[in-house]
Structure formats: C-alpha cells, structure tokens
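Listed after this line are the structures, all set down as structure tokens.
Both complexes shown next keep chain A, but they swap its partner, so chain B is in the first and chain C is in the second.
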Partner chain A sequence: MERLFWRAGTLIVIGYALLPVAWIVSLSLKPAAELNDQRFFPRSLSLEHYRAIFSDAQFPAALWNSIGIALLATLLAVSLAMFAAYAIVRLEFPGKRWILAGALSIAMFPPIAIIGPLFNLWRITGLFDTWAGLIVPYTTFTLPLAIWTLSAFFRDIPWDLDRAARVDGASGWQALRYVIAPLAAPGVFTTAILVFIFAWNDFLFASALTSTNNARTVPAAIAFFTGSSRFELPTGSIAAASVVVTIPVMLMVLIFQRRIVSGLTAGAVKG
Partner chain B sequence: MSDGSQSERRLGWLLCAPALTAMLLVCAYPVLYALWLSLHRYDLRFPQEWTFVGLANYVSILSSPVWWQSLGNTLIITIGSVTVELILGLAFALLMHRAVFGRRTLRAAVLVPYAMITVVAALAWKFAFDPTTGFVNALLGLDQAWLTDRGSAFFVIIFTEIWKTTPFVALLLLAGLTLVPQELLQAARVDGAGVVQRFFRVTLPLVKPAILVALLFRTLDAFRIFDTVFVQTRGAQDTESVSIVGYNTLVVRLNLGLGSAVSVLIFLCVVLIAILFVRGFGTPFTQRGERG
Partner chain C sequence: MAEIRITALSKRFADGTLAVRNADFTIHDGEFFILVGPSGCGKSTLLNMLVGLEAVSEGEIRLDGQIINAVDPKDRNMAMVFQSYALYPHMSVRENLAFPLQLAKLPRAEIARRVSEAAAILELEDLLERKPRALSGGQRQRVAMGRAIVRHPAVFLLDEPLSNLDARLRTQMRSEIARIQKRLRTTTVYVTHDQTEALTLGDRVAVMRQGAIQQIGTPRELYRRPRNLFVAGFIGSPAMNFVAATLAGNRLTLPMVELRLPAEGRHPRSAADRSVIVGIRPEHFGLAPVGDAGHRSTAKFPARIEAVEWSGAELYAHFAGGQPGSAALGSLDQAFGLDLPKGAGRRAIARLGPDTPVAAGDTLELALDAARLQLFDAETGDNLLLSDE
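Let's look at the complex of A and B:
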C-alpha cells in the first residue's frame, strides 16, 4: 500500500514535469490547419513550422547570437570565478567573508534596477545591440552563482595531493595538470552548465539592450515573433523555435543531472 | 611567517580583484548612476529638457495609483507562488527522498522545468490555456478566456511560476532532508511517535534552515518577476508587476528619470524584504559566510 503510494507520486511528478514539454512538441508538429483543434496530441504530423523558422533570417540569427553570447559569458564568468573561488578556499586573507556576502547580495539584486543606466551607457558607448553589451551583464550577474558553487566544490578537493605530487618529483605545472585539474574539472564543468543556463534563459537584458538581429537572443526573438498579421500570434513558429532551443539544453541537463543537482544545492545548503 | 601571510593576503586580493571589479562596475556603479538619474527630469524623447528636479520623480511615482497597483500585483504573485512552491516542493522532496523506484528518473524529471527557458514555459502555458489553441478548456469542459480576466490571468501567471520553480525548491529541500539523521527518526519511532509527529517534531525543525534559504531565494526571485507577465499578458488586465512598470517607463517610454526612480524603489523593496527576513528568522547566510 505504502509502496503504491510512492509509485503513484513518482508518476505524478514525472507527468508534472513533462506535460508542457510534450505539449509544445506536439504543437510544433501540428499542421497549421490543425493548430486550433484544442487537442493535446497532433492528429497528423508536419515539419512545416520548422522549415518556416529556418527559412526566415530572424531565428537562425537569434540562435547564433544566443549560443555565442552564452558561451562567451560562461567562459568569462567561470574563469574570473575560478580565481576568486581558489583564493577564498585556499588562502587566508581579511575581507573574504565580505566578498562572499557581496556576491550573495548581487545574486539577490533586481536586474531591472540597472536596466536604465545600462541602456543609457550602452547607447552612449555604442554597446547597445552588440554581443559585448549582453556578455558584460551576463558575466556579472552569473559571477555570484559561479563563485559560490565553485567555492563549495573546491572545498571538497584534497589539495594536499598537490604537495604529495611535488614531493614525488612532479613539477608545479605537472602537479596542477595531472593532479589538481582532474579533481577540479567536474566542479568547473558543473558551474559552467549552470552559468550557461542562466545566460541562455535571460529575457530582460536581451529585450532591453538589443533591437535587431545583431545581438537579439532567442528568448527575446521568440517573444517578439510576429505572424502574418500584427494581431495574430504565430503559434506554430513559436512552438517550433521553442522546441529547438529547449531540447539541447534539456539533454545536457539530463546527461549531467547528478552533477547539476549537486551544483544547484552545493552553494546554497552546504555553503 | 608574517611575510608569508602578507604575500598570501596580497595574492588573495589579487585573485579576487577581476571578479570584484566586474561586480562593482556593472552593479554598484549603475545603481549609483540610477540614483543620480532619478533626481533629474530626463526623457530621451526630449533630451534638451534635462534638469535637476530633486525628489519630484519619487513624489509623482508614490502618488500614482499605477505604482501601488503594480506593487500589490507583485505581492499577490510573490505570496501566491512562493507559498504553493514551498508546500509542493516539500512534498516533492519527501517523495524524492523516499522513492523506492526510479530515483534517477525522478531527479531527471524535476530538472526539466529548470532547464526550460522561462519565456518558453510561459508561452507553452499561455497556448495551453488559450481558448482557441489550448487543450485546457477542452479538458475541463470550460469556455474560459483565461488571460482576459484579471483573476484567471493571475492564476495562469502564478501557475506558470509554480511549475517552473518548484523543482528548484524541491532540490534545496531534498539537500536539507538528507542531513536528517536516520537514527533520530528511528529513535522517535521507538519512542512511539507516529508518522505525522515524526514529520513535525523531528524532520521539519531539522530542515528549517534549508526551508529558510529556499524561502528567501524564491521570495526575492518572485518579486522581480518579469518574463512570465511580459509574455502572458504584457501587464494587461491589471497584472503589471513592478518590473514591468520599470521596463515600460525606461525602455518603452524612454523616460530615464522617472524610470530610474522606479528602479531605485524596486531596489529598496528588495533590500527591505531581505532585512525583514534577516530580522524575522535570523540569518542562515551570515553563519554560512563566517564558515566560508
């Protein structure tokens, strides 16, 4: 009886999580004529919406912007955070508590509070509607997350192995390359995924600081998709574009699920 | 030794400097700049009318019903979503903790909403509740235009928020649950405590720190809500959140003076919420900072 209860619960949670995904996939595969049939599953399948979004210039450009901007912001944020986290975990210096607390307060920070100034500064400096104009705020806003998660991971690394390797005759570089780097890699990789997802997900900065295909990322592009008439939402195209940007990230998350769960909770609970 | 610690100190600051500089330049400086802009009349459509106006922008915002309405809306969304998320999240966490089969599948499943772009999730639910494309009305046998009525629009917005963020709450609480020692629960059982008593007297107090962390994170996060409201209603039907008001004033109406004043007020609200939390519950964060 109890077993049945837990099993039913498990099935409900899986259904809860997958329902909207199944729905948007189904919507994207419905032929245009059947979009309004109010059915959950499509009666016939068609790839017309996928063909439509890729034959238009807007979506491929947005996809390219999203990938490029998110990757570069991830690279920057994780590199900067690596130095900081190493210092926080390995070195004794006054003020490191302040750095962690400051990072935390930025994590709580409402992004809308700096949209106005950034908008004005980017307008003046020419960063408006460029990749750099988004990479800069993404890097900053993900730094707290990156520093906290990396510090939590770095704390669990047996750093003494480094000294042991040096005693055994390894050079400083060799010790780093063959002993410490492999130990640190999973944490760095996990942090990179979390940072990437943040940048990939952002809509506020993307919609306020871009205006054309130059730097507009996918979330903003999808939200501003226009159909054949101004008053009609291009449901099919939106659904197809949504599937294209959701599936790769979802696969990545599912493949590395164990690490991501520990990354998400490490910074917050273990501290 | 003092030489060593001094160079260590210098190295520590040196390694943190790039990250700190980035955070100061892109957060602290713009906030001060926003503060300065908020004291001026500065409308990008009439840039020549730029003048210092003191607190006039704040007076006009605080005396406008739009601000108070949006603040009320934001609080409705925040309280509505965070309450349900905590209860549902705790249920999910208990389930993941106790699940006898498919633990991995369960954990993978809850990551799905987390990995979905907020805009996409908001659109998926918008289409689902839509009276012409959606399946919800057909399923429930209703004929409801969900997003054109204030009450049901709030329902859809809050529902979407809950769907998207409950897994995050659940994972935080699960991490808290794994810290509850099994022996303690065994001992309570031996002493004759029932399931309910064990939950409220043993589990819940031990998970409390994790609950507070989740509560604080989610409250501040929900208070900034923008994506879901923008995509689902654009603030129509009186569902504007404070972030939407800020965005419209800044980016749509290009009124940087007034918009910056809205931004500063939102910033102050967030600080106020954080202070209330720390005062009300004691802070799990300072302790963590100290251990850090």
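Let's look at the complex of A and C:
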C-alpha cells in the first residue's frame, strides 16, 4: 500500500515536471502549418524548425557562446570556491564567519538591482558584449553558492585520511592526489553542475550585457528570434532552440549522476 | 629496530596552551610502550609529535640517535593506526594495504607478497576485495593494523585503536594486538585512556596528566607503588579508596579504624599529628578471621554494607567508612582532577570473594592490613612511602 502510494506520488511529480517539456518537444517537431492545431501529439513529424535555427547564423553562434561562457564561468567559480572552502574548513583564521556571511549576503543580492550600473560600467570598460563581460558576473553570483556547497562537502571528508596518507609515506601532494581528491570529486562535480546550470540558464545578464553574436547566449538569442515573415510567430524555432539547449544540461546531469552519489565516504571512519 | 629518545620535549599551541610539558624518557627497542591518561592530557599530541604530524615546540626526538624533529612524516618510517582507522574509503582492502608500499615504489611482486603476508597474520584473506564500508568495526580495525604492518616500519604508533569497538571485540583485539607485537617485536607506542589496556598490554606505561608525565614504570610498579595520588587513583579498577587520616608516631587514625604502621618498610613516622591521605586497594580489605587477633599490623573494624555488586567472579561491597569526607581530600580531588565519586573518603569499596554471604544492610567485620596501605601527603599528593627515592 505504502509502495503504491510512493509510486503514484512519484509519477504525479514526474508528470507535472515533464509535461511542459513534452509540450515543447511536441511543438518543435510539428510542421509550421500545424503549430496551432491544438494537439498534444503531432500529426506528422518534421525537423524543419531544427534545420531553420541551425541554418541561421545567430543560433549556432549563441550556442557556442553559451557553452564557452558557461564552462569558463564554472571553471573559474569552482576553482576559486575550492580554495575558499578548503581554507574555511581546514584553517582557523580571523573573520572566517564574516566570509561565509558575506558570501551569503552576495547570494541574496537581487541581480536586477545592479544591471543598470553594470551596463554603464561595462560600456566604459569595454567589457560590454564580450565573453568576459558575462563570465565575471556569473562567477560572482555563483561563488557564494559554490563556496557554501563545497564547504559542506569538504566538512564531511574525514581529514584523518590526509594525515594517514602522510604517515603512510605520501608527500602532501600525493596525499591530495590519491586520497583527498577522489573523495572531494563528488562534491566538486555537484557544485560544478549547479554553477553551470545557473550560467547556462541566465537570461537577465545575457540580455542586458550583450548586443550581438559576439557574446549573446542562447536564452537571450531565443528572445530575439523572428518569424520568417512578420505575420508568423517564431513558435516552432523557439521550441526547437529550447529543446537544443535543454539537452546538454540533461546529458551532464545524467553522466555525472553516478559521481554525485553521496555516501561514497561511508566506512572510512568508524560508524 | 628502533629506540626513541625523547629529551625535554614540549608542545605549545598557537593559543598558548602547553599540551606537553618537558617530557623526557626513552622507549627501548622492541618495547610495547603505553601512554595513558584522561582525555586532554596531551598523550595524542605527544604521539603526533613522534610521527611528525605535529611540530615540536621545544626539545628533541631521536630515533636511533638521529634527531628527527624536522623529518617529514613520510620519511620517518613509522606506521600509525588512527582511532578512526582512517581507511581510504575509495580503495578495497587490498589497495588499502598496498598503498604505503606503492608509495615506497616497491616492485609489484614484493607488494603482493607483503600484502598476502599481512592478510594472513590478520586473517583478512577473504576480505581483500571488499571496500571498507562493507566491513564490520573489528574488520576495519584489522585492516588498519594491516596497513601499518605491511611496511615493516621501525615503529608502530597506535592512537586509541580500540576505543570504537564494543567491549567484547575490544578484549579480543587487545590480545590480538599483543600477539602481533610479540611476534613482530617492533617498537610500539600505544596511546589509550583506558587503564585496563595500559596494564594488560604494556611492557612499560607512562601516565600523563595535563601535559606532564606523572610516572613511568611497568604495570606492576604503577599499581603497587604509584608515585602520587593521581597515578594511584587512575590505575586500577575499581579505583583505589582514599580516606583522610591522621598520623602520629606510627599510629594511623582512619575514620573507621586505628592501626599501627609496621616497623619494617619505608613507612614514615611523624612526631606531631600529621594529616595524610590513605589509599587502599579494594582487594586489600578482607574478611576478618573469626575469633583471631590476626597479624599484628592487621586491624578489624565493623563495616555497614550499603550496596553489593556481584559479577560472578568477584563481589564488590560498598560500605560507609565513617566520618564525612575531609577538606584536604576535596581540594586534592580538584587539584588532581581525580574525578572522585561523590562521597569519596566516606564510602569505600571492598573486593571480596564471590561466595561471601553478604547483602545490603548487613554489617560485616572487615580486616585491613597496614602493610599494604599507600600513604599520600595531604598537601602535595605525593606518595610518602616513596618519598626518599
């Protein structure tokens, strides 16, 4: 009975979450003429919208920008956060609490409040419509999250292992490489995915701080899609583009799912 | 083969606390040496300095004559078993055992040979492919031991290795550790807060308190000739009974009885009344022989039994010793952190034969042999019987 309840509950939640996605997929596969036929399942399948978005120069450029900017922002944020979290967990220094509190307050800061000043600032400094112009705010806004999740993960690593490895004959670097890094990896991957998804999905900064294909990312680019004539809505293209940008994130989560398994460290120390 | 010589060793932490003060002793080659003391006494800090995980503040550590103060832990050829076992969770038992050997860049065949040798000694052969999380507490403990012995290190260091095991397993592993140490004859330093482990395992034992070493000796020496009140109270279970008493000449007045100290031995004399603390092991109370005056230095007294603990092989009788606890004992208790039970100095425990017919509420005639008492100075807590040593 209880199992039945859980299964039904799971199905309802999954259905609720996936219905809009399924609707978008369905829309993207309908031929242009049938877009307004009010059917959930397309009558005939066509890839014309996919062909359309890739034949336009705008979308492939935006996709490339999205991938590059999101990856670089992730790399930057996670590596900085790793150092910060390590220091917060392992070292005693004055102002430790303030760093965590400060990081949290930045995360609470509404991004919309700084968009205006940032727009002017970026135009003066020449960061407007460049990759760096997006990487910097993405890194800034994801660092608090990254520092918090990484310190939570690092705190769970049994640091006795580091000492054990040193006594077992490992240099400091070898202890990190063979013992600590494999244990920290799940936390780092989890954090990286969270940061990547933030950067990948961001619309606010991308639409305000870019103007051309130089740095415009997919969420912003989609907003600038036009129909093939001015009497036609770009519904099909938007749906196709949305599907295309959803796929990398889903793939990434699926691939790294195994690495994110918690409890990898179970059994290291007593309990 | 290794001898560790520790000279004037101190550890001061950044916040100014002195964790180890002026330790000075030698651990002989092949010896099973125990550091014992209550938690926070600095025994683990001392061990960490030996292995190099903690920097030395003052003094020096010599391994076979070489000063090793600044040698990196990886180059000290010491193996350590941690209280938490510190097994590498992402490696199988085999990989855990092989890890130190791989770091030492031993040839593969040699690694395989040593791993199977260690696995045989510790009966781990069937578990080699398992991950630590699939092992029981006792098995993890053995893997941790195995990782220490595969290297054939000069010194074993064990930091409370048994404290995470349940009582039964602890006894079993205790004898296993003793067996392995006897077999390998490797110099071993063992840290514990459990005086039973210290007495049963150690060739020699160092009792520590608040960073200072109180006494070093064989288990028998510590038990029979404790240097001060702290060692006397810490070693032995149930703990030694302490009662305040007055010494005048060779007459010792205890709350429950008055007796004469024997003329032989090192017993102190006092012209004026002198207040002392008398230490009596529970087993040194005996049932008074019926109708006989007994030995000259033996005194009899009636004891009102308040509680009886019978554990099959022995029987502990709690009885009231007479007057309320003295102020001197109270202040010594605090000064030494003895953590005496409430009513110490007033209540005492006697260990009697398990067949003694006694129940709570009875009054029993007990005997006390003055020759087996320990006498402590009421101010310093030093053992007066050893005072001229």
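Methods note: the second predicted complex is superposed on the first by the 242 of 271 C-alpha atoms of A that agree within 3 Å, B and C clash if a C-alpha of one lies under 4 Å from a C-alpha of the other, contacts with A are read in each partner's own complex, and residues count from 1 in each chain.
By definition in this document, a residue touches a chain if its C-beta (ideal position, glycine included) is under 8 Å from a C-beta of that chain, and two chains touch if they have at least 3 such contacts.
Treat the numbers as computed from the prediction; the structure is a model and nothing was measured.
Asks: Give one of first, second, both or neither to describe whether A:V179 is in contact with chain B, with chain C, with both, or with none.
Replies: So A:V179 only meets chain C here.
Asks: Between chain B (first) and chain C (second), which, if any, makes contact with A:G116: first, second, both or neither?
Replies: first
Asks: Which partner chains sit in contact with A:W200 here, chain B, chain C, both or neither? Use first/second/both/neither.
Replies: Once the two structures are laid over each other on A, A:W200 reaches chain B alone.
Asks: Tell me which partner touches more residues of chain A in the superposed arrangement, chain B or chain C.
Replies: B
Asks: Does chain B (first) or chain C (second) touch A:P60, or do both, or does neither?
Replies: In the superposed model, A:P60 contacts neither chain B nor chain C.
Asks: What is the contact status of A:D160 with respect to chain B (first) and chain C (second): first, second, both, or neither?
Replies: After superposition on chain A, A:D160 lies in contact with chain C alone.
Asks: Output check: A:L104 vs chain B and chain C. Expected answer is one of first, second, both, neither. What do you get?
Replies: Only chain B is touched by A:L104; chain C is not.
Asks: Please indicate which partner A:G126 is in contact with in the superposed arrangement: first for chain B, second for chain C, both, or neither.
Replies: In the superposed model, A:G126 contacts neither chain B nor chain C.
Asks: Kindly list the residues of chain A that each of chain B and chain C touches, one partner per complex.
Replies: 264-265, 268-270
Asks: Where on chain C does chain A make contact in their complex?
Replies: Those residues of chain C that touch chain A are 51-53, 72-74, 78-80, 82, 84-90, 99-100, 103-104, 131-135, 137, 140, 147, 151, 157, 164.
Asks: If we count contacts the way the header does, which residues on chain A are in touch with chain B in the complex?
Replies: Chain A residues touching chain B: 3, 6-7, 9-10, 13-14, 16-18, 20-21, 23-24, 27, 35-36, 38-40, 80-81, 83-84, 86-88, 91-97, 99-106, 108-121, 136-137, 139-141, 143-144, 147, 151, 197, 200-201, 203-204, 207-208, 218-220, 222-223, 235, 238-239, 242, 245-246, 249-250, 252-254, 257-258, 260-261, 264-265, 268-271.
Asks: In the complex, go through chain B and note every residue touching chain A.
Replies: Counting only chain B, the residues touching chain A are 5, 8-9, 11-16, 18-20, 22-23, 25-27, 29-31, 33-34, 37, 91-92, 95, 98-102, 104-121, 123-125, 127-128, 132-135, 137-139, 163, 167-168, 171-172, 174-176, 179, 209-210, 213-214, 217, 220, 223-224, 226-227, 230-231, 242-243, 246-247, 250-251, 256, 259-260, 263-264, 266-267, 270, 274, 285-286, 288-292.
Asks: Please name which positions on chain A make contact with chain C in the complex.
Replies: 158, 160-161, 163-171, 174, 178-179, 182-183, 263-270
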